[in-house]
Amino acid sequence: MFKPINRFIDFLNRKNVILFMGITLTILIIIVAIFAPYIEPYNPTKMELSQKFIAPCSKYILGTDHLGRDILSRIIEGSRVSLLTAVFVVGISVFIGLTLGLISGYFGGAVDMVLMRIVDVLLAFPTIIFALALSTMIGTGQINLIIAICCIQWTRYARVTRGEAVMLKNAEYIDAAKTIGNSNLSIILNYVFPNVISKIIILASLDMGTIILYCASLSFLGLGAQPPSPEWGVMINEGKDYIQYAPWIAVSPGIAIAVCALAFNMLGDGLRDMLDPRMKETVRTE
Amino acid sequence: MENLLEVKNLNVSFLMGKRKIHILKDVSFNIEKNEVLAVIGETGCGKSVTGSAILHLLPENAEVGGSIKYNGIDITNIHENEFRPYRGTEIAAVPQSPSTSLDPLMKVGKQVSECVTDKKYKYGEHKKQLKESIINIFSKLKLPRINEIYDDYPCELSGGMNQRILISMGIVTKPKLLIVDEPTKAIDWALRKEVIEVFQDLKKERRCAMLFITHDIAAAKCVADRIAVMYCGQIVEIGYTNDVLNNPKHPYTKGLIASMPSRGFHVMEGYMPSFADLPIGCRFEPRCSEKTDNCSKYEPQMINIKNGYVKCFRFKL
Amino acid sequence: MKFRKIMGILITSALCVSALAGCGSSTNVSSSAAYSTASSSVSTEAENTSDEKVLRIAFPSTLTSADVTNSTSATMLKETAGVAETLVYADSNFKLQPMLATEWEMTGDNTWVFKLRDNVTFHDGTPFNAKAVKWCIERSLKENSELAGTTYIQSVEVIDDHTVQFTTSERTTDLPAAMSYVGTAIIAPSSVDKSGSFILPIGTGPFKAESFDETTGIFTAVRSDNYWGDINTSVTKRIVKSMPDASARSLAVQNGEIDIANDIPFSDLETLENSNNTNVSKFNTARTYFYEYNMKKDLFKDERVRKALIYAINKNEIVNDVLFGVGGVPKGILMDNMPWANTNVDTYEYNPDKAKELLAEAGYKDTDNDGYLDKDGQKLTVKIITFTKRPGCPLIAQATQGYFANIGIDASVKVMDWSAMNELIKKGDFDIALNSATSAYVPTPAYYLDAYYVHNNIGYKNDKLNELVEKCKATDKMDEKYEYSKEAQALGQEDACIYTPVLYGAVFAVSKNVTNFEFNAAAHDFIVPYNTDLK
Amino acid sequence: MLGYLIKRIVIVFGVLWMVSTLTYFTVHVTPGDTATAILYSIGGENAVSEKNIEHVRDKLDLNRPVYLQYFEWVTNSFKGNFGTSYKYNKPVLYMIKLRLPNTIKLGITAFLISVAVSIPLGIISALNHNRIVDHLSRIFTLLTSSFPSFWIAIIFIIFFALKLKLLPVSGMDSPKSIVLPAITLSLGMMAPIIRMMRTSMLDVMGQDYIWVSRAKGLKESAIIWRHVLRNAIPPIITVLGLQIGHILGGAVIIENIFSWPGVGGLLIDAINAKDTPMIEGCVLVVAFGYTFINLVVDIIYACIDPRLKYSGEGK
């Protein structure tokens, strides 16, 4: 009776299903975001007050909101906002974190000292509160939100990169490379960087999911994107007032966020399984 | 003499994904009571897997074939619950790599006494007596500060000291068979002699049989009654210590002995083949200096000699 | 070895204990307080059946204090709890009526004399007199930053036991109106202890403060035996519960936990109207939503453009469909039933064709057929900014965006918090701003025009209007005030630089047990009249 | 040990000082007039008039240079005086003391729930490595870390409060009120704990000393309890410490949705009102709580793991 289940589990164990699903979903989301204007059944910002609060039906698959806008179209349009934001945040943070982490780890000394203390301070603070404080300070809006989250997020990459760089700095083959007469820059680029990058890729893909959640949370609190932007967090916030009357307004954007975050989480999880040897099962032969 | 352990045609393979990788092939040997059998060979040839297989401690994805008989009872496929009483009490193990084989968060004394207290039904010793007997063992192993060491964590002791703690864990239950895995690997040269002496004493005083896994031929020579030479998951030659060392029959044994520093340090050419990609014929064929045409086509058969066997086409009785 | 470990544990536990002790002291106080209120709210059902009749009111903001120096709690004390009263009050026709003061007179350019009611005592029996008024107003002036600019009071002098004189920082004819503002509610000097810290408000109203829980924001007041006026209600106790979340208020009424709640989510109206135990009432309020054009921009220097954009907006549809019928379209700038409201002005009723016509006259035509109007090769785009706090703002702005799109104007909407919007308006970094303000903050004909037409940040200036408002402020004759105000309104409406499309609507969910509940648009926020009764 | 402790405490204070300075100056550098924000927060749009703005500036001395205000604030903070909230006109410390117990109550409940769920789940999935339970728990982990907490909160409200009418929607009037916010908050922090517990267990189970303890003939249960769990716990403690930060951050959102009167709501109000002393106070409390808990975690860690004393700090 359990045979099919067992075979399925066996299949799960052998293939990196999570990674496969992650990649598929991610590509799907990216396609949706790129071709959003062609996929949207209606104009996402067009109001049709006579069509407001229509429950999901065949005409409006996910229903309409309080201003008669088609929710599905808005969600599709919103994927661009979320994805772009996450890509920017991760890209900028990785760049800053990687650069500073490499410098700090490879050269050490006072730079390392100062940088790591800054990292300590920034990490001594729950990300969301810091982003929250910062984004209110520098004003609301999506760009400010990106800046605010980048301010904290780079520390994660800096710390990981530095750790790896410190470890590699003392490795014998780096010493060898030095004695041959390679410059510091070429050692960093040719030896240290390739060793760090796989860890950074795992971290970055996991972070994409987290950042989509952060942005949505902050927008939900009214600190990120603002209406009428079809950002998912904003849509949930708008729908919150109608949960009794028209629950679908708040429900579907949440699922969109979750699917997006799930895609990147699975991608990161799968990549970790594949790239991080620590997690692999090893067979003791000796 | 009666056989304490009889291993016949032991086959071990690991399931890696959908592929099956054969590690041990038709390994057969026996150990008599109070006899020390040394297994020598290169790193990665399957020595430790043999030990683990006897202890039923192979990873989950392992498949075991053939038969292992202990005291005449077939223990190859008996259930974990039935086998557990054998471990520690009948068959004990002294693991390799002292740095990782001790629980870092438990005091060493407790780790040693644990071997006994978990089987109180058998050893009705009181805590105090137990501690005394452990300290007694410590002192026999020439550990310093024996009373304090009992309450130390492994990280507070040196590698050699930890190795001796591991040995004491193996012998505290007075087992009939001791599987010793690379006892001299982590020990510096000065201590090596002492550790070897400990095993010699063990054999004399406690009268326990041993499966002495090592790549240290000199150590094997001092301790073992017989030597089994293992290559790539197979025993290629087994026989009395003196016979094997002084009159090696298998080309691999010859090479191994020649590579000993005392014998001139002539290192063999080539590497052991990967288990995933084994040659069809004799596994040693690619490196063998005395190979014939048959060697690459057929597997050599076991040829019995006095108290052992050889697997080689070149060997003639 | 052992020593280190034990020490580590000791230090850790010491740290933990000290941290817990730090907050523990307050935990005890607040938790006991919370329990007492929890039990009281649980027992209200039972009490209602015996001789106690409890009116439970939801208050729409967070309450952190019960002191009149905090405007929010002053509103609560005066208008929802009925504990503290002001010297003057404005009735629902925006006429000033005597409250704690019986008469008032402007005695000099900067002085006003108020005669106090003489049969009044505070709840603790201490007499209500000029000294108490002086103490209270001076304290509020110091603590409440709002009062200085609202009342212009500089100092208070005691003339005799029941006469006070207020000296203002500049000449004002509107002090009596300002004295109806909640921030000037009077409490007794005995409300504070010897060190000056506030305990409970001791007022003169028909209800006497009983308790206030700072953590949960629950205020209770019981009927006072010695109220100076006549009231007719069987309610013996009022519980005011701070519930800043609109959906929570609505649910509390539906579940019968609350008798009166205001500002409930528009979308719950249908549910509440169909419910067996609640009534829904909607009223227009004196609060306006108003559009401001950036007059520093050339685009809006053209009157036709300004008016066209107003014609483009379907105000009635906004009220009915976007705001669920909550609110109203005014016939002028102000709420129609304000006695000084000029309802005889052009309201630029929805007429998209006229809008297009006017824009075409101004030179805006769709020459490149992209669906958007343009002039000199420039697409007509406007940036609408608005703020979050008033629930209607984002909705009205987004609806406007839609109406503008219909006539070919590409509009963007930005929603931000009010201070940020104010900053942008000051900097001139916007096209159209949707703002909101109450026109009865000080219930006087000059106030709203002065605050939002004369003193604007958008660069609008009409000398004639300013002059009329000055005259309105200067005279102390009411009918003259009305006249000047009406004239000024006509000018303002004709200029169409600031425009009121919609009035803020008050919506109440009231339990069917509640009787005699009347709305007063002149009240600062919302009022639960003293005579509100329970079946 | 003592030296280590002193060093750590110095770092805690350093962090607090830097965090507070950072926030102090960002608050002041930000565009927008403080007086306007304060007036708006106390009296709405109508309260903002030129006369009132002037009054507020005079009263709060906002016209002084920022660095002077900062120095005064720092000296007062050292005396334990965090100033008076602009918005509430009450001492900052008083307001925080009023609200903090609620946040702690919510936080501890959520923490206990998530620990009670995720540690056993992590252990179970490690013990059933690559079996159905493990896969199910992995799916659970992925889901909990993918759904936004505020959305889950809304779904909970729809189901448990509106449809089933089992639990209150918001506030903290009855003991039942804590259920929804605590569960929502705890869900968000489960994933890292489960994942860490599982990895940590698997890591330990692959260690040589576990093989050795099997070779000793110990019972499986004894191996799990005595060796695996004991060695798997230290990394978990670190993760738990980090999760406290998640609680503090998540509480801001959760308190907002459920109208839970905690520090989170206070902070958001303060930020909106540009109530500098209050923002500073809340930020300091959060940062202090976070660093303090991590200090405690490190001390516990040092007590559990004998290796640290020798490698990390020397004898």
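Letters A, B, C and D mark the chains as written, and numbering starts fresh at 1 in each.
FYI, contacts are C-beta pairs under 8 Å (C-beta built on N, C-alpha and C of every residue); 3 or more make two chains touch, one makes a residue touch a chain.
This is a predicted model, so every value here is computed, not measured.
Enquirer: Decide which interface, C-D or B-D, involves more C-beta pairs in contact, and give its chain pair.
Expert: C-D
Enquirer: Taking each chain's centre as the mean of its CA atoms, which one is most distant from chain C?
Expert: Looking at centroid distances, B is the chain farthest away.
Enquirer: From the Cα centroids, identify the chain that ends up most central relative to all protein Cα atoms.
Expert: Central by C-alpha mean position: chain D.
Enquirer: So the centre of each chain is just the mean of its C-alpha atoms; given that, what is the distance between chain A and chain B in Å?
Expert: Computed from C-alpha means, the inter-chain centre distance equals 51 Å.
Enquirer: When the C-alpha atoms of chain C and chain D are each averaged to a single point, how far apart are the two points in Å?
Expert: 35
Enquirer: Please compute the C-alpha centroid of chain B, do the same for chain C, then give the distance between them in whole Å.
Expert: Roughly 87 Å separates the two chain centres.
Enquirer: What residues in chain A touch two or more of the other chains?
Expert: 139, 240, 243-244, 284
Enquirer: What positions in chain B touch 2 or more of the other chains?
Expert: As it turns out, chain B has residues touching two or more other chains at 52.
Enquirer: Mark out which residues of chain D touch at least two other chains, giving numbers and ranges.
Expert: 31-32, 162, 211, 272, in rising order.
Enquirer: Could you pull out which chain C residues touch chain D in their complex?
Expert: It is residues 4-5, 7-9, 11-12, 15-16, 19, 23, 25-27, 30-31, 34, 38, 41, 62, 64-65, 69-72, 143-146, 148-150, 152, 183, 214-217, 243-245, 247-248, 251, 255, 389, 417-420, 422-423, 435-438, 441, 451, 455 of chain C that touch chain D.
Enquirer: Using the touch definition up top, name the residues of chain D that touch chain B in the complex.
Expert: Checking each residue of chain D against chain B gives 207-209, 211-219, 222, 226-227, 230-231, 304-307, 310-311.
Enquirer: Would you pull the chain B residues touching chain D in the complex into a rising list?
Expert: Per the stated touch rule, the residues are 52, 55, 57, 84-89, 92-93, 95, 97, 100-106, 114-115, 118-119, 153, 155-156, 166, 169.
Enquirer: Give the list of chain C residues in touch with chain A in this complex.
Expert: 246-247, 250-251, 265-268, 270-271, 317, 321-322, 388, 391, 394-395, 398-399, 401-402, 405, 413-417, 420
Enquirer: Going by the contact rule at the top, pick out the chain A residues touching chain D in the complex.
Expert: Interface residues on chain A, with respect to chain D: 5, 9, 12-13, 18, 117, 120-121, 124-129, 132-134, 136-139, 209, 213, 216-217, 220-221, 233, 236, 240, 243-244, 247, 250-251, 253-254, 257-259, 261-262, 265-266, 269, 278-279, 282, 284.
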